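So that you can tell them apart, the chains are marked A, B and C in the order they are listed, and the count of residues begins at 1 in each.
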Amino acid sequence: MAAETKLFGKLKTAEQEHEDPKEQLMFDPRPREELNRMVMEMMTTTTKKFWLWAIGLGVGVVVLLFGAWGYMISTGMWVTGLRRPIFWGVFIVTFVFWIGISHAGTFVSAILRVFKAEFRRPFTRAAELMTTFGLAAGALYPLIHLGRVWVFYFMIPYPNARWLWVNFRSPLVWDLLAITTYLLSSTIYLYLPLVPDLAMARDRTTGIRHSAYKILALGWRGTEAEWFRLRKAIQIFAFAIIPVMFSVHTIVAWDFAVSQVAGWHSTIFGPYFIIGAILSGVSAVVTILYILRSTLKHMDYFLRPEHFDALGKLILVFSMAWAYFFFNDYLLGWYGGEAAVRQILTLHATGPAAWVWYLMLICNMAVPWLTLWNRKIRRTPWLMFIITLTINVGMFAERYTIVPLTLGHQRTPFDWGVYTPQPVEISIVLGTFCLFTFLYLITSRLIPMVPVWEVQEGQVAHTLRKIGKAEVPTVTELD
Amino acid sequence: MYTKVVHMALFKEEELDHAAESITRLRLLGVQDKDISVISGIPFSEKILDRPMSWTNVGRIGIAGAVLGFIASLLFNFGTPFLYPLRVADMPIFFPIPTSIVVTFELTMLGLLISTFIGVFVETISPSFGPNGYHPKVSDGHIAVLFSGPILLDQQFHTTFEELGATLEHDVEEEKLWL
Amino acid sequence: MAEVSIAEKWGLVVDQDRCTGCNACVVACSMENNVPFTGEDNVAFGRGTYWIYNKRMWEGEYPRVAPAFQPVMCQQCGSAPCEPVCPTFAAVHSEEEQINLQVYIRCIGTRYCANNCPYHARQFNFQDPDIPEPMNSYLNPDVTVRSKGVMEKCTFCVQRIVGGRQTASAEDRPLRDGEVTPACVAACPSGALVFGDLSDPNSRVSQMAQNERQYKLMDELGTKPKVTYLKGGGRNGG
């Protein structure tokens, strides 16, 4: 009896502490018709500001990315800041950055789906879209950074007139295979749960949009067999895409770790990069969600403080995990006593570009640790926007530290060098940011940004159950 | 022989219990399970609707693709060196272990995932044998019970569904939803 | 696979005691191998293309400081870090000559090999070579002129090795020790560079490589370099 009173007492305080369940999306159900209408309006409403942004970003892609890239192809790589011994610069940094961003979608969508984290429902698509476009932006860099991009197909394994296959021992070939696999599978993984929503859009549009959705929806009706097949496929994908995601960033890490470069040759680089990727990816999801919430019509119904709260907790955990891996890499490198490694670690902290290293530590550790423990901060979207943006600046600084700052100080001091990104490189980097944003912006008006059926499924599955005197949220497993 | 007509009964989203009940009643009227099809805006499992289990070959097609990917990776790793042997560092030319494991993994996964999608695609566009028909209200959350039964039972169908509060529609079959 | 398997393992010995730092090797190498002149600004920026370069180091404590010279070229590693990372087999091991090759036509310019070379011996063509008249008449017809975007590096003057072997086989005699010399060795006025066949224990290079002053650059990395350095005592420096 005493135990029961205690239990009920606890529940009551919990209720006082926590918000009214009605404030949660899953306990604030609306009829499907209403949800559909909101999503369709979200998709079809464009303001003047939207078009200005779209045109501006489109021009940015053409000028900053393709213009600068074309210029660099025609003149040669001397327009970059690369010099001996720093042969990889900000292109590779941004490549790793975008591949990291692309881990968001899979993490949110696949891992949270596998573990049935219900808060994922309204923003899985937004995150998957980040994966696809992050990869699209990132996959450009292995091409951009090539000295002779016009013969990039030498890297692709196919029977050819040169009688030469590629070197399957090279991490760059692994990269090619892994990124291709990930890009294709994440695009499919974006598309599969989209089919029922495309069918919904098909039923509500006319003209060219209708024809396009009709083709893309593959004649979806919603029969039992179709649902069963779709869920089976999503299940296969959710489980299979997780190891692919891990392999992609591991291989990106191996690009560095298999080498003999001091400071790169580290056995912990694989998991270290994965954690960093998830940290920056999940942070970027929050950044994007904030922008979606404040620009898309009705999005504030679907995205609520609870989602920022949940993602904020994840970010805090991953920030700590990142610190753990970072310290592992740092301490053991330092303790090992190899002169070159120690020299590099010292120069990271005291060299001319030490501010990058401190920026990394502040943005990746100090900022999230000092803020994200607080529930109020986690539930304030604009604060989360700033914090997550800061984390991604920190992650960019981390990759910058790893690539050019480590390459510049190798074993022979005679060959040391300093790297400064040049205008063409900065322009191309900004250009891919424009490309990502442009693709995202346009797509947000072309496909339903919220997986309506998943939200409705969740709302059907969530009920308030009365235990004693309290109404407790419960989830029913529908499948 | 009698002609079969496809009927569609539309239930509102909160009337799921009625939809499930209607299937039982249809069965009592002699309509077979293969002549019934339920379409809905969100997935309901067969148990909820008391329907026979659906089947799909997506998993098997996926595994077949994984095997193909695995074989391709073996050819790449262990076959191509014979075509043009080139030595790099002191790595083995013809037996590239452990470097080949990465390629094997990626290509196996690529085969699995691509063929799973191809499986979904092929199964979706191949003809289905249940009663056809569609109503845009389904994507608004309505549950539609499609069934075909002898024209003689028309009256009974109408009474059954009126009791359950559904609207019955005829001639829903002609709509072409894809290409 | 090479049709003939010749047990030649070319090696180079650099006697740091004899090196005066005159840079004649650098000049000779550039002329022999059509190494592009990238201009003053690019050299200052760190984009000078040198297949061999002379590291000048200061030895001793102030005020007794003396320069020491260490000519560094591709070490033709037996287990070269640059080779396996190349996706297109542009950096490969030559079974015939036991040196690293850089196949320019296969190179797509990932520059991974250059990062992975602990000796920083690999050079990248940041731009197309600019060869003004009449310098184009000086180009060596035996060596490719590299376009922008490819890596290049010392080849131990493989064209001279092949040429020497062809002459010897035309005259129906084995290749004599010292018959083949890379441009840098031929140009070295002080005899600090000695080239030859390491598989022949009686060759001059094999004998010198046995010297007690011998060491290899970053031997601890396990790259198995073919270049042996003889430690300088500082007697001839400066």
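As a convention for this text, a contact is a pair of C-beta atoms (placed from the backbone, for glycine too) under 8 Å apart; a residue touches a chain by one contact, two chains touch by 3 or more.
Just so we're clear, the structure is a prediction, and the values are computed from it rather than from any experiment.
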item: Chain centroid nearest the full-protein CA centroid; value: A
item: Most widely separated chain from chain A, with each centre as the mean of CA atoms; value: C
item: Centre distance in Å when chain A and chain B are each reduced to the mean of their C-alpha atoms; value: 30
item: Chain B and chain C: spacing of chain centres that average the CA atoms, whole Å; value: 64
item: For chain A paired with chain C, centre-to-centre distance based on mean C-alpha positions, whole Å; value: 45
item: Multi-partner residues of chain A (at least 2 other chains); value: 164, 167, 169, 173
item: Where chain C touches two or more other chains, by residue; value: 81, 84, 86, 89
item: Multi-partner residues of chain B (each touching 2 or more other chains); value: 86, 88, 91, 99
item: Residues on chain C engaged by chain A in the complex (per definition of touch); value: 42, 45-47, 55-57, 81, 84-89, 106-112, 114-116, 118-120, 123-128, 147-151, 218, 221, 223
item: Complex contact set, residues of chain A against chain C; value: 75-78, 82-85, 87-88, 142, 145-149, 151-152, 154-155, 162, 164, 166-167, 169-173, 176, 255, 258-261, 407, 410-412, 414-415, 417
item: In the complex, chain B residues that touch chain C; value: 85-91, 99
item: Residues of chain C touching chain B in the complex; value: 1, 77-81, 83-84, 86, 89, 91-93, 95, 224
item: List of chain B residues in touch with chain A within their complex; value: 13, 37-46, 48-49, 51, 54-56, 58-59, 62, 76-77, 80-81, 83-84, 86, 88, 91, 96, 99-100, 102-103, 105-107, 109-110, 112-114, 116-117, 119-121, 123-125, 128, 130, 134, 136, 138-141, 177-179
